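One chain, subunit A, links the two complexes that follow: it is found with subunit B in the first and with subunit C in the second.
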Partner chain A sequence: MSMPLASSGLQTAQVAEDKLVVSIGPQHPGAGHFRFTITVDGDTIVDVAPDPGYVHRGAEKQTEYRTYLQSIPMLERSSLTDVTNIIGPYSLAAEELMGIEIPPRGQYLRMIMSENQRIMSHLYWLGIQGIFLGHSTMFMWPLGDRDIFVDLGQMIGGARITYSYWIPGGVRNDMPESFKPRALKVFDYFETRLKDYERIFFQNPLFLKRTEDVGVLRREDAIKLGVVGPVLRGSDVKSDTRIDEPYCFYKDLDFEVPSYKECDTYARCMVHLVEMRQSMRIIRQCLEKMPLGPVRVKLSPQQRTNPGEAYARVEAARGAMSFHIISDGSTKPYRVRISVPSMRNLIVLKKLLIGSHVADMPAIYWSLDYWPVEADK
Partner chain B sequence: MSIVVDSFRAFIAGIRQLPRKRMTMRYPDVQTEMQSYYVYDPKLGVAKPGYKGRHILWLDKCTGCQLCSIACENISQAIEMVKVSRSQPNNKKSIFPQVDYAKCVFCGLCVDACPFYALGMTEDFNLVSTTKKNLVYAPEKLAIPPKVTRPKVEFKIDKDVAYHD
Partner chain C sequence: MAELVTFEQFVVRILKIVFWILIILPLIILPIFYLAYVLPVEFVCGFNALTCSTHINWAFAINMFNPEQMDPFSSTSMLSQMGLGASGVLFKSSTFPGLTFAAVLSSFVIWYERKLLAKMQYRVGPLYAGRVGGIFQSFADLFKLLFKEIVIPAKADALMFLAPPFAMMALSGALLAIIPIGSTTYIAQSPYSLLIAIAILSFFPMVTLLAGWASNNKFSFIGAIRALYQMISYEIPLLLSVLGVVILTRSLNLSVIAESQTKIWYIAPMILGAVVFYLTAMAELERIPFDLPEADSELVAGWLTEYTSMVFGVLNLAVYIKLYALSALFTILFLGGWLGPPGLPDFVWFLIKTAIVLTIFIIPRGFSPRIRIDQLIGFGWLWLVGLTFVNIFIAFMLSASGLL
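And then the complex of A and B:
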């Protein structure tokens, strides 16, 4: 039904007497580098055509020209809100091929950074969801509070956002002594702050009106379409890689995975809120349980791997993120296959938007936490 | 009924922020306290936590082995080895790394590659320049430790308020 649009910057096109094609993106500040066209009949969306690929950089191919270590800065740039988790599975798969064992302290540091990253990513998501729903306070607060977690990450990682911290062989450096007291202080602060968030946003009648029963993704559909992460958990499936296929020391920790029966946009938003609390709980436990010792195995910069294949999966902020590496035994991978959560969640856009109102589109779209750069790789 | 109560609660949650101190830092006038240098210990094979800003080169330790430039090769090609008129017994060819900050991504993997404790990264992140040429730091320029003249402020956190004063 939707006609391909002329590339001359045409924004709308009449396709039938009462149907109009509207182009959303790729330069919309919320949509990111992503375009989709919707066909509207009055106020109702009757067709959706997602058009990803604007920021495809060939990350899979590029890894074939770099050694295992050199790929790290390039790979983490495809998801700037979630840099630790995106390179996690790559490093885990590479380590499996190299046949090395990471010291326990290094694994705990990985978990701390990856949960900290999850909070940062969810706060960023929350800010944008707030402004999409016209709640500018909910844009300012999470992005302000996110800075505190960026500071925490900087204490360990040594950079604001792109730390290249989780590398094959362990982590780059140990954490400074001042991290623990600061982190505990921040968590106490942020827990009271989350109650404020609930009062002003999550229990706000206007927010409820705009998200309840909007964009319902039934449990069966979610499973059939193969969505991951908060979208899947918002559809009443308790699935989380940290529980199903524990990596690092997640099996020793005690945390809950939220899931909601409502299956609507509100449920997906609540999953993000609860996950932030659980992430803080995980970091607290990590700080308690962490043993002393080395954090990194010394590898040669030209480290060779054993020939073979390895697959690793971690729970990134947006869902299960996985890497499949095939190695021929040289210093560089033979082939790398990346599966990103954003791409897997994009599939449901078509399912959710058709039949909904145009005004509900931003709330539904962003509740999927779609990150174009990550999806395009 | 609950619509009225919940709206009122949302309103109060906003009002309660009014007397609080501001969270924003007045950046160009002040800046945060940064950590120490990021340096790597090749013997232990692990780095010391620190901020990964502009590099620092300890000229007397550098042997011109080019390992840093090889490490950066497929990352951003930011390091080029250049000749410097300086006689140094442990650096026969007198070549030292020169970093182009128009390309560098501040990953610090060159620091991890240096086996002679010659390269580190400083807390200096303010490398703004109007020309690309000024972003190329010659070895002599890299050897100068940065000076931060701005007053430092701390991000203070209490039980329910975070602020810069």
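And then the complex of A and C:
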């Protein structure tokens, strides 16, 4: 700002006339463990500089010092809202290297847990999106309802968040008898809750005003920039790893992949809503089709793999999550490379924020479902 | 305390002491003085403390020193003659319809808001402080804030930084003073009290700007600029929305406006004015959906970001007193003020109606997202100003046809 200020002076960087540089984060309610600097001209953002890396823990390097099983609890910490799906591709790649076949019941349990995790992650996302738009009820409701899905996960996995359930060789344990009736009851309840969400939030005229034509990511741009997951589907691309490269038994199941032509923040929000319904549909089908039998191939704690490379990809809550493991045949991986959806969606932040209002910044930022811990690994 | 080195630290120290005195004097000592000493004696002497008409009679105060005119038997009647009794202006401004009453009421409003929101969100809300549903949570928060350190940012302008809490409190108190809550229960009476109330309301943006500017923080600054935009563009619809009522009553005196609604409450003919007043008051109060100056996801806490401890508490209290004052103003302008069936004292009817208006002010926080600044200003200038002109036209029609 060029105007004279209070005696000791408002400390501003002189970038140009009438422009103000504001640092958002890493301790900011709208940023999480993530910092970005915005340059504002009046109410318009003219430049954005994302600065990730505050919670980098070297997950890739740490896997090199651990056996295949030991890495699992450590890898889970990278994405606490989405623990099953970050372990998924790691286990698939490791199994490919070990050359083992997973029993069908284990595959179904993996899908149940993965979809349950997707609902939990989307509910968390929805809560934060609600409070970012100033809607405190939409913060409390999803986070309250998320708890019943945490309870469902606890019934199978034993822990509430980090259950290390999906492991190389299958899943850790079978589910209890009481899971199926409980899950069906929860889904019936949650279907009515989703209608409440729509009425109070998604059909709220002020919500539409705040999100429609805000942060538009055109189809061509989305494909060119290589975004994944709900952001890609919100930009009118029907792309989903569960359909394109089916793993587990997703090809036997009947579910829809939502996509929206609007390409704006509203479309990205709606994708999350529809995906929660579809996840419940998938779990219902899994519970119907599930055969009896073993759930796990017992592996040695010091399991050796065949030398070589393996690549696996699953559809995590935020998009395609992939692992590339290089093995030299020992008990530990030689090199692990993780590609997380958060990092791939962060690329468009700069494109979407430039030219938008300051007030739209939280809504656009969170509609990308960026999770700093996952991105920094 | 740290050693005083610079003049600035000296000023800060003095300001802190003055601050505590100003907090403690009206909030604790005066009420205790009145409740424990003056009121019991006056009730014994047969005064009805709450409904006495009041004036500071300085003639009495001067004559007090004349031994012939002094009542030798009662020290409280001496206080009354000085204007310090329960019917005096000091009692009224400090204790009953004034600051302490409003502060206690506001702390209950905060509790009520939290409980109401918790009910809407399937939560419990405050629970442990006090026996019934955490009713003393606000007081617990108050004591917590009292024991916190007052942090003044290193590069802030200390004097200007500490001025806004005082100014906000003073303005809220001034707003209270001008609003009567019963036919005889008021602090100050003026033939232009509505105009004075609106004039006081237009001071708030300046204080907000001062707070944001002196904090020397970019978020505070952006928040203050937003508050300035918002309050100034909503002042005009606010002023225009009460004009309909003024045309019908031909008076700017709030007491006269309230008393003239014996036939019909003005919310019926002036429904447009009431809606516009409600929306603009929400914007003036920075409540959701108009809480852009404090938008916590974008601006941390807006212009309040750097305020800590009881300084923050005082600012917050002032905002809630303003909320109470605007609800009271709504009640007077559109809901007949203290008019109601006989049986209860008039100010009780007034408080019941004000509580209902307060609830309506609070509820949108449960179901509404925040609006954006350009949408807010467009809405204000395009729709609200337009609606007020329709309202004024209706008022002229009713007035000319002699219906009201």
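As a convention for this text, the second predicted complex is superposed on the first by the 363 of 377 C-alpha atoms of A that agree within 3 Å, B and C clash if a C-alpha of one lies under 4 Å from a C-alpha of the other, contacts with A are read in each partner's own complex, and residues count from 1 in each chain.
Rule of thumb we're sticking to: a contact is a pair of C-beta atoms (placed from the backbone, for glycine too) under 8 Å apart; a residue touches a chain by one contact, two chains touch by 3 or more.
No experiment lies behind these values; they were computed from the predicted model shown.
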If touched residues of subunit A are counted for subunit B and for subunit C, the larger one: B
Touched partner set for A:144, first subunit B, second subunit C, both or neither: both
First, second, both or neither for A:192, with subunit B first and subunit C second: first
First (subunit B), second (subunit C), both or neither touched by A:238: neither
Partner chain in contact with A:210 - subunit B first, subunit C second, else both or neither: second
Subunit B versus subunit C as contact partner of A:136, first or second or both or neither: second
First, second, both or neither for A:261, with subunit B first and subunit C second: neither
First, second, both or neither for A:175, with subunit B first and subunit C second: first
Partner chain(s) touched by A:224 [first = subunit B, second = subunit C, both, neither]: neither
Touching partner for A:358 - first (subunit B), second (subunit C), both, neither: second
Residues of subunit A at both interfaces, subunit B in one complex, subunit C in the other: 137, 144, 200-201, 204, 206
Touching residues (chain side subunit C, partner subunit A) in the complex: 117, 120-123, 155-157, 160, 213-214, 216, 218-219, 221-222, 288-289, 291-292, 295-298, 300, 365-375
Residue ranges of subunit A in contact with subunit C within the complex: 5-12, 20, 22, 28-30, 43, 130-138, 140-141, 144, 200-201, 204, 206-207, 209-210, 357-362
Of subunit A, residues touching subunit B in the complex: 65-67, 69-70, 72-74, 77, 137, 144-145, 147-148, 151, 154-156, 158-159, 162-164, 170, 172-176, 185-186, 188-189, 192-193, 196, 199-201, 203-206, 294-298, 301
Complex interface listing, subunit B residues touching subunit A: 2-3, 6-7, 9-10, 12-14, 16, 23-24, 32, 35, 38, 44-52, 67, 70-71, 73-76, 105-109, 112-113, 121, 155, 157-162
